[in-house]
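Next come two complexes, and both contain subunit A; in the first it sits with subunit B, in the second with subunit C.
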Partner chain A sequence: MNPLPQPVSINLFVFFIWIFVGALGYPLLQKRETLLKPLALLLSIGSILLAYSAFLSLLSGTDYRFTVEGGLPGLLFHLHLDPLSSFFLLILGGAGTGVLLFSGGSLHAMSPRKKPGFFLNLSFFMASMEGVFLADDAYLFMIFWEAMALFSTFLVLTDRDRSEVRDAGYLYLLMAHFGSLLIMMGFFFLASREPSGQVQFLESLTFNAMATSTPSTGLSFLIFLLVLLGFGAKAGLIPLHVWLPRAHPAAPTPASALLSGIMLKTALYGIIRLLFGLLGLDHLSATWGIPLLLTGGLMALFGILHALLQSNPKKLLAYSSIENIGILFLGVGLAILYFKSGHPVAGEIALGAVLYHAINHAFFKTLLFLGAGTIIHASRTNDLNAMGGLLRRMPVSGGLVLAGILFASGLPPGNGFVSEWLLLQSTLQAWILSNTLFRSAVLLGAALLVLASALSAMGFVKFFGIGYLGIPRSEEAGKAHEVSFLELTGMGWLAGGCLLLAALPLTLLKGINHVIRSLTGHVFPDTLLSGGWIWIRPISAHGASYSPPLLLALLLAALPLPWVLLRLLRKPSTRTSPAWGCGYSVRTPRMQDTADAFGQPIRHFFPFFFAMKRRIPAPDEKDPLLELSVEDPHWPYLFRPLLRLFVRFSELADRVRTGRISVYLVYSFVTLLFLLSVLRWM
Partner chain B sequence: MDVGDPLFRTEFAVDVVDLFLAILTAPLLSGWIGTCRAVLSNRTPAGVFQPFWDLLRLFRKEVILPEHTSFLFRAVPFGVFGILSVSALFIPLLNIRPLLGPVADVVVLIGLFSLVRMLMAFGAMDAGTPFGDLGARREMMVGFLAEPATLMILFTVSLWSGSTSLSRIIQSLLSSSDPVHPSLMFALMAYILVFLAENGRLPIDNPATHLELTMIHEAMILEYSGPLLGMMEWSAHLKLFLYLLIGIDFFFPAGLPAELSPPAVILGIFLLIGKLMAAGTALAIVEILFAKLRIFRVPEFTALAYLLASIGFLIHFVLEV
Partner chain C sequence: MAPHPHLLANHLVGMLGSALLLSAFANLAMRRLTSLVRIFALQGLLLTASTLAVAILSSETHLLFSALFTFIFKVVLLPTILFRLMNRLHIQGEVESLVNVPSTMVIGLGIVVFSFTLAAPISELASTVSKGLIGVGLASLLLSFLMMITRRKALTQLLGFLGMENALFFSAINATYGMPMVVELGVAFDVLVGTFVFGIFFFQIRETFESLDLKHMDSSSLE
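Let's turn to the complex of A and B:
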């Protein structure tokens, strides 16, 4: 056997580090808790190695397949490292490093009984995600996919003594299995095209074989649907998203950061791998892009509207993840639409924007989840309404979260803006589409995208403004203190990653170019790649252009300038006094805005997106009490009726079960008669 | 272009002049609008230079910081002013091909204005007063309502050039042979509505009151004082000026010097002053004629803007292709 190329061997090495450290850590941590920090550092060193090798293999466009002994008879374990895998491994390693560093500092607060188990699940979870990206046949893919679902469920169930955590874990497991079932069916239809003999069927389970076969249009559409719903259940595709805002906040902070920031990307990986890689662009149709595009747009809007109503910071971020996944779906739909209607340039930009947004989201969402964890820990509550004034008490971590907020809001010069700008440039090409239906769908998608991104700015203003600014709303929030060095290092790593992604997008876009080439055979136009590291010119040399590094440099130069001028001219004297209280001398923290107040206009403007129950007290009531409950409409209108139907059905079925042996004997007899008559008739 | 190139040096000089002109003319424009409003409502105008005297007075005062604020409160005015000055570099004033123009297209500019809005909201919420929170919340709300309409306007305007670069849009409009573009007329109407909403003018927000139930922008800067307030006020003037400038570039680019020759530049300056004064007068008339809308009527206002811009977009394909 030839020696493996360096990136591949590093990948396998990291995989085994994670497995071994996780397995060894369990007994070690039971004996000595203090070993947690070095063990977490070992995991994060593995993660850094992974990010480094993935970055190198992505830029060099490595495409390497190999097999490992094992698996089913007639089907070895197939593994590969192609540009798409490298890209997602870069996400895993890059954002994972920050979370693992953070967990080294934050887990000391966890109860000693839970620590070893959590550590084991965390490292196995990382390893199984790596396996998902490396697998090259359906069998191995499903093994890692299920392992990932299992270990993430264990992570969610860490605090299983609380009933809502158990409910969330159960719901998550249910959805994960529903999704896996659909994915397996998708693989089955992709594979079973030349059903001639047992061994050949197994061989057709490799991704290579799937990519070369040619399904009919009807079958392709079925596969398209199965893939979307199957991976959608993992990604939080509406209406299969209901587990997400429950499970993500229920997990301990590092785990919820990994779930929201990285695990959602495995679903995106699956969709891109199966649709573009295995099914192939030839078997897609432009019209299929429209439902994907519009669902994505609506999902983005739905997610951010619900985020704005949450007063639990982790829930707010989980709903904002639904928004971002919506944006990714929108981009994938846009890419399919453009590619299949003969405009590859706009399609490449859309697909490139999707991939870029995926890595951006991984970095800023993990950072924000870690930030949310720190303020929940510091103020000992998960209610934003009891926080406030934390920036003064936690200036470093607060500053890092502020950076994360600016990066996440899709505003220049942040990294989120780069991907949204690319996506918008792609929608702005709507005029080249000749089909009016396509054109209006793209425009509607663009409007939804912009509305969602403007709303997300408001959502993050709420998160930061209520949580970190103002006066503490509770005693605990007033006593908050800065987090440990290792936690800050983890958050700083992620903020640094965001900054690099914001300032130097072209380096990574060159890697994304390899991904797109290996998937679709098209490459970015020359103008985009010839911009050095300074200019992004996506469409043509004279078209729109954007230069993130120059903008960043200009802003950094311009911000202190007025300050210096002011100091030079005349240093103003400064004094502190109470804020203006309209002449009233009493000023309590409760006079500040609440988290719920931020949601009020949203409920007012978009009532369609919420299931609201409101009771306004009559004027003569003794104890007037305003009652308001806001809920995800999918619960009262879809899932609870479904659940009732299911219970009703099982109750009906229950009537058959009387408990008397004579009745059961009659059942057996009737069944026997039935089967015999069937045999007779055949 | 080479740094030693004489053309480069001329352009660089013009760009620097443009930047300082924008920063210095902005309060003057607000003064002109105030004068027009005063004349129209039968008051004695304070004069065009009043905003300068106000700024001078503020910069002489001491800074009073509210208790319990963090470093963010002090940083926000500098951030806001800095970002708006940088945006001025990308918007053509006299030179329709600013050297730094390719750094940012119109989408980036709109994004920078949103960044300003977000920073101001943070500054307002840092003091922890009900007014600041209220203003911040309302400002963010108006922002997200106006942004889809802004995008639709961009779509419509960029149809002529196929690009969102400002100088590219101006050049293709200047070289177009049609005297009237019906699609742009609708986009212009939509732009006026967005302009009013984004800059806190009547009928969305009244820049002249401090009535707690109605104010948005003033509520956000209530806790600022002295030089910090001066920076905020100056930024508001600058933002108004830049929005007006973008409007002129989009809809009335005629007369902007295509070449940097002295006669063309001088003509351009006079035309630009005329356009700005006309726009300021129109704004004053609008503000005199309309009363402030209830806050929950704002969505209808911005939906109208979105609709008008969409009509403009459709008309382009019906009439102009």
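Let's turn to the complex of A and C:
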């Protein structure tokens, strides 16, 4: 056997590190809890290695397939490392490192009984995600996919003594199974076609065989739908998203960061792999891009509107993840639409923007989730309404979260801006489309995208403003303290990653170029990459351009300016407090804006997106109490009726079950007679 | 239908078949447990005889071994085990049934008619000596099943189950000159082991519910 190329062997090495450290860590941690820190460091070293090798293989455009003994008879385990896998492995390793470092510091607070199990699940979860990206046949892919679902469920269920956690875990597992079922059907339809030549069914399960098959248009559409819904259940595609805002906050902080930041990307990987890689652009149709685009846009809006109403910081971030997944879906739809209507340049920009946004989101969302975890831990509550004033007590982690928020809000010079700007540039190419329907759909998508990203900035202002600024709203929040060094290192790693992504996008775009070439055969226009590392000119040399390093340098240079101005203009005078106070002599936490109040205008302007129950007390009531409950409308209008229907059906079916042996015997007797007569007379 | 050289043996097989059917009806009608076990032993004897007859008719020597095994298992071993089980459990008395005997008999008649209609085309196709008897086998099988349904005690369930096995064996002998020796031996041992397992279960059931009446195991009795 030929020696494996270096990136591949590093990948396998990291996989085994994670498996072995996880398996060994379980008994070790049961004996000595203090080993947690070195073990977590081992995991994160593996993660750094993975990120490093993935980065190298992405830039060199490595495309390598190999098989490993095992699997089904007649089907070895097929693995591959192509640019798309490398890209997602980079996300996994890069963002994973920060989370693993953080967990080395944060897990000491977890009860010793849960620690070994959590550690085991964490490392196996990382390994199975790596497996998903490396798998090259449907069988191995599903093995890792299911392992990933299973270990993430265990992670969600870490605090299983709380009933809402158990419910969240159950709901998550249910959705995961629903999704897997659809994905398996998708694979089956991709594989079951008569392949050219004498290929056995099992061999047609390899991705290579699937990529060369030619399904009919109807079948392609079916596969498209199955892939979309199957992976959508994992990604939180509306209306299959209801598990997401419950499960992500229920998990311990490092786990919720991984779930929201990285695991959602496995669904994006699946969609891109199956639609662009296996089904192939030739079998897609431009029209199918429209529902994807509009769903993505609505999802983005829906997600961010709900995020704005949450007072649990982790829930807020989970809903914001729905928004970001919506943006990704919008981009994928846009890419399909452009590619299939003969405008590859705009399509490449859209697909590139999707990939870039995926890695951006992985970095800033993990950072923010870790931040949310630190403030929840520090103030011993998960209600923003009881936090406040935390920046003064946690200056370093607060500063890192502030950086994360700037990056996440899609403002220049953050990394979120790079990807959203690229996506917008792609939507602004709508004028080249000749079909009016396509054109208006793209422009509608652009409008939704802009609205959602503006609102997301508002959501993050709420997260930071209510949580970190002002004065503490509770005694516990007043006693908050800074987090440990390892936790800060993890968060710092992620913030640094965001900064690199913001400042030097062209390096990564070169890698993304390889991904797009291997998927579609097209490459970015020369102008995009010709700007060196300074300028991005996506469409043409004369069109819109953006230079992150220059802008960043400019902003940094301008930073001292307000301070200097303040110094020059301010008159050196002492200020004494007025005798009557004018309302400023007493300052209580109740005088600040609350988390609920922050969302009120949103509730008021977009009532369509919420299921609200409100009771305003009459003026003469003795004990006036304003009651308000806001809910995801999918619960009262879709899932609960479905559940009731299911229960009713089950009760009907239950009547058959009398619990008497003779009745059961009669059932089999009658069935036997019936089948015999069918045999005889049919 | 051309007359067969061994006309007597042919008639003998037919007669044994009808005796088996009759014994299945007797199973439905009997009220005492000891008589049920005796009928089971009698069925074993009938099976042995019909296997022997088919063996002579078809001159298949392995059927002779089948007959021997049938005799050892179904006439000697199983009835002995069953009688000892009844002694150990102190049950000999009346068998309670869920449906009264006359109605059971009427249902049984219907089942026999059904079985014969069902078996008619198969009998046409069969090339063996005793093709008319597939209907008999099917009818006895369904009648034993009916006995499992209508009786209440756990031991009668076992007897119904064994009756079904007898009927299956009978059909197999007549339709295809028996199964391969290995399969027959395997089935015989399965039945033996099954009886042991049932016996152990009976003791457990009696210890738990202090009775062998199936109604104590219904989910309604838990409420």
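Simple rule for what comes next: the second predicted complex is superposed on the first by the 645 of 682 C-alpha atoms of A that agree within 3 Å, B and C clash if a C-alpha of one lies under 4 Å from a C-alpha of the other, contacts with A are read in each partner's own complex, and residues count from 1 in each chain.
As a working rule, a contact is a pair of C-beta atoms (placed from the backbone, for glycine too) under 8 Å apart; a residue touches a chain by one contact, two chains touch by 3 or more.
In this text, all values refer to a predicted model and were calculated from it rather than measured experimentally.
In the superposition on chain A, A:677 makes contact with subunit C only, while subunit B stays out of contact range. In the superposed pair of complexes, A:181 makes contact with neither subunit B nor subunit C. In the overlay built on the shared chain, the residue A:659 is in contact with subunit C alone; subunit B does not reach it. Touch criterion met: A:669 reaches subunit C, while subunit B stays clear of it. In the superposition on chain A, contact is made by A:450 with subunit B only, not with subunit C.
Comparing subunit B with subunit C, more residues of subunit A are touched by B. When the two complexes are superposed on chain A, none of the residues of subunit A touches both subunit B and subunit C. Those residues of subunit A whose C-beta lies close enough to touch subunit C in the complex are 658-662, 665-666, 669, 672-673, 676-677, 679-680.
Remark: subunit C residues 98, 114, 117-118, 121, 142, 145-146, 148-150, 152, 157, 214-215, 217-220 touch subunit A in the complex. Of all residues in subunit B, those touching subunit A in their complex are 59-72, 78-79, 81-83, 85-86, 89, 100, 102-105, 107-108, 111-112, 114-115, 117-118, 121-122, 125-131, 133-134, 136-137, 140-141, 143-144, 147-148, 150-152, 154-155, 158-159, 162-165, 168, 212, 222-223, 226-227, 231, 295-296, 299, 306, 310, 313.
Subunit A makes touch with subunit B in their complex at residues 388-389, 391-392, 395, 398, 402, 406, 409-412, 417, 421, 424-425, 428, 430-431, 443, 446-447, 450-451, 453-455, 457-458, 460-461, 464-466, 468-471, 535, 539-540, 542-547, 550-551, 554-555, 558-563, 566, 569-570, 572-582, 587, 589, 591-593, 597-598, 601, 604-605.
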